[in-house]
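Listed after this line are the structures, all set down as structure tokens.
One chain, chain A, appears in both complexes that follow, with chain B as partner in the first and chain C in the second.
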Partner chain A sequence: MIFLHKLLNFYYREYKLNLSGFQDILTNITFFFISIFIFIFSIGPEKETYSFLGVGILWTLLLLSSTLSLRKFYQDDFENGNLTLLHLNGFSFELIAILKTFSHFIFVQIPFLLSIPLASILLNVGNEKLYRLTISFLLGALILSSLGSISSSMNLLNKRNYLLGSVIVMIFSIPIIIFSVGIININENFNSLVGILSGILLITFAVNPWASGACLKIAIQNN
Partner chain B sequence: MLLAQNLTLCRLERIIFENISISLSSGKIIILKGKNGSGKTTFLKTILNLLEPTSGTIYWKGKLLSRNLYDYYNNLTYIADKTSSIKQLSVYENIKIWKKIFSSHMNYEKIEEILSILNLKVFLGARVSTLSLGEIKKLELLRLMIENKKIWILDEPFTNLDMETINLIGQTFEDHCKNEGCVIFSSHQDPLIPVSDEVNL
Partner chain C sequence: MRFLINSKRFNVFADIIFKPVLVLSIVLLIVGLIFAFFLSPDDYQQGSTVRIMYVHVPSAWLSLMTYLIMTVYSIIALAFRMPFGFIVNTAVAPIGAIFTLVCIISGSLWGKPMWGTWWVWDARLTSVAVLFIIYLIIIFINISFENVRVREKIAAIFILVGSINLPIIKFSVDWWNTLHQPATISKLSKPSIDPSMMTPLIIMTIAFIFIGITIAILRIKTEIITRENI
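Here is the complex of A and B:
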């Protein structure tokens, strides 16, 4: 019961933090839609083209937009000493990593999920694909948040090159893109592709707490 | 309660501090003195178990600290040299977050009373980013009251504070010690408040 209370209080803090930084979330969404418009202007208005390319464009932009927010993942809490405070208040580094990952999913990825129907209309992604797109995004976004946690915690150890984290996320995102777009475009093997994506999700869930937790610990020791 | 014996810490083949021992028990105020870069913050981080000493042992209530960490962390408040308040939120919102995160039972009337003494009550609705460095430091020190733990560990608590507030904090330390609490803090200058022990780094 005490643990559950602690979790709720942690998310209350995250909610307040994200609400005060709402303009960042809005900027990400704006970036996402402006990029869609740029694609539309550069490719042209032919609907048929988008029925082939739409899902790929959507997933690429979702990936790029969500990496925009990665710098904020741990950086602010690390710089103002709140990570240390949370640790001294009974939150292990591994638990902080797990909670922050879900916080990123809720406050950064869910707004993207809500904007998918509008983006689908703009890119002529049919209604029949919308359900599959939502499933693939739900799984893919959780994987991206886990990868984001690892890369952002690694960034705390490397203050000279912030872009390195984003590059790491992008490299590891290639299989996610392949399977996520596959889920939507390939009519057969839907269940097996979802299974593969779920497998990748479980692997990142298993690795994330230990990898991120170790990086957070070293970063606090070196600070 | 807290016993550190012959602590030595080396980093990158450099000795940060050597053979430092402290014994912190109820009613004691210990000051860590030393010049800038003498290792005061590093020593505090070591007794917080954030850094592992190269040699020496730390005990909490008679047990090795690493084996009694949960109880130790449940009994301490750490005020770092940096401010932990969230700058884009108001003073009130920060207090509300602290109250929740530290599961504090202190009521808002009592908090407002302390804020009045610290001349911070008028800033309750103001964003922390609009406060002066001294006011932010005073807000940070409010956490000692909100958390209400036995051991207070403070890193340079008097930076940016005026003499009146330093005396007030000194008085608070004494009151805390009378209630079976204890305090260890670092300072590179003499804060002119009564202490029970002095450790030079």
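Here is the complex of A and C:
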């Protein structure tokens, strides 16, 4: 019971923090839409081009703009000492990693999910593809949150090279891009590709707590 | 075998074997190149370009082998708290990156006359390029953190997570239909390569292994000395 109470308090705190920092998420979504405009300006406004390029562009831009918010994943909590306090309150580092991953998914990736229908109108993605895009983004966003947890916990003590975190996420997100875009563009085999994507999700879920927990421990011990 | 996990014993052992290994690597490289250029036949389809294989295949094997060694040393160093593993990881990563780069460049030099392009987005080529980027990230981690005790552990965790790529590279030619040909030399079956081409390939592989060991000994000794002076 006490544990549940702690969990609820944790998420209430995350909600408050994300609400006060909502302009960051809005800026992220604005970045996403501006980069769609840039793509249209650079490739040209023909609708036929986007019927087969649109999904790939959309996924690439979602990946790029969700890596922008990774700096805030653990950094604020680490610098004002909240991570240490959480650990002293009986949360193991692995549990903190799991909770923060879900909080990142709920408060950062879900707003992106809400902006996908508008973006798909801009890029001329049909209704059938939009349904598949939503499913693939729901699965892929959870994987991206887990990878973001790993890479941002690795970079807590990195004072010189901020971009390293984004590079680490992007190198591991290659299989996600392959299978998510594959889901949308292939007509048969839909269920088997969803199965592969959920398999990748389970693997990253299994690796994420141990890897990020170890990195958080190293960062707190050496700070 | 204690010299594999203890830096003091490694120093003693390395001083003994360094000169023989150096001489052996130079001799084997010269002999292997003579075999590859003059004593091995042309391929009936590829002509003389088949000789690129004698550099390409050993460097590809060694790029995978170096990553495997780094993975094993990461596990040893993290699980049994042996700092020598971190030293080996830091020292060996650039060697692996160079071998991967040699593999990619020689492959694309071969691909231009044979396939008609420098580069195709094929499963094996892409996964090797990813391996090269992973090596680069390991080097970046090693140079961008200030604290040595932090960066070595983080690099080891990154190596362990990135080792997922190894089986993908190894089996990419079996799992997908690729332009890159499947492995001709395997342990379980008789190799489908002619003995006259097999001999220079084996000599070049052993020569590359000894070159790698020579550079690794130099780099590991340098790394040990640098860490003592911190």
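Everything below uses one rule, namely that the second predicted complex is superposed on the first by the 222 of 223 C-alpha atoms of A that agree within 3 Å, B and C clash if a C-alpha of one lies under 4 Å from a C-alpha of the other, contacts with A are read in each partner's own complex, and residues count from 1 in each chain.
Keep this in mind: contacts are C-beta pairs under 8 Å (C-beta built on N, C-alpha and C of every residue); 3 or more make two chains touch, one makes a residue touch a chain.
The model shown is predicted, which means the values in this text are computed figures rather than measured ones.
Enquirer: After the superposition on A, what does A:G126 contact: first (chain B), second (chain C), both or neither?
Expert: So A:G126 meets neither chain B nor chain C here.
Enquirer: Does the superposition put A:H5 against chain B (first), chain C (second), both, or neither?
Expert: Only chain B is touched by A:H5; chain C is not.
Enquirer: With both complexes superposed on chain A, which partner does A:A214 reach: first (chain B), second (chain C), both or neither?
Expert: In the superposition, A:A214 contacts chain C only.
Enquirer: Would you sort A:G199 into first (chain B), second (chain C), both or neither based on which partner it touches?
Expert: A:G199: touches no partner chain.
Enquirer: Per the contact definition in the header, classify A:G81: touching chain B only (first), chain C only (second), both, or neither.
Expert: It touches chain B, and chain C stays clear.
Enquirer: Mind pulling up the chain A residues that touch chain B in the complex?
Expert: Those residues of chain A that touch chain B are 2, 5-6, 9-10, 12-13, 16-17, 20-21, 79-82, 84-90, 220-221.
Enquirer: What part of chain A is in contact with chain C in the complex they form?
Expert: Against chain C, chain A makes touches at 150, 154, 157-161, 164, 167-168, 171-172, 174, 207, 211, 214-215, 218-219, 222.
Enquirer: Would you pull the chain C residues touching chain A in the complex into a rising list?
Expert: Within the complex, chain C contacts chain A at residues 78, 130, 133-134, 137, 140-141, 144-147, 149-150, 153-154, 157-158, 160-162.
Enquirer: For the complex, give me every residue of chain B touching chain A.
Expert: 45, 48, 50-51, 70, 73-74, 76, 78, 80, 82-89, 93, 97, 100-103
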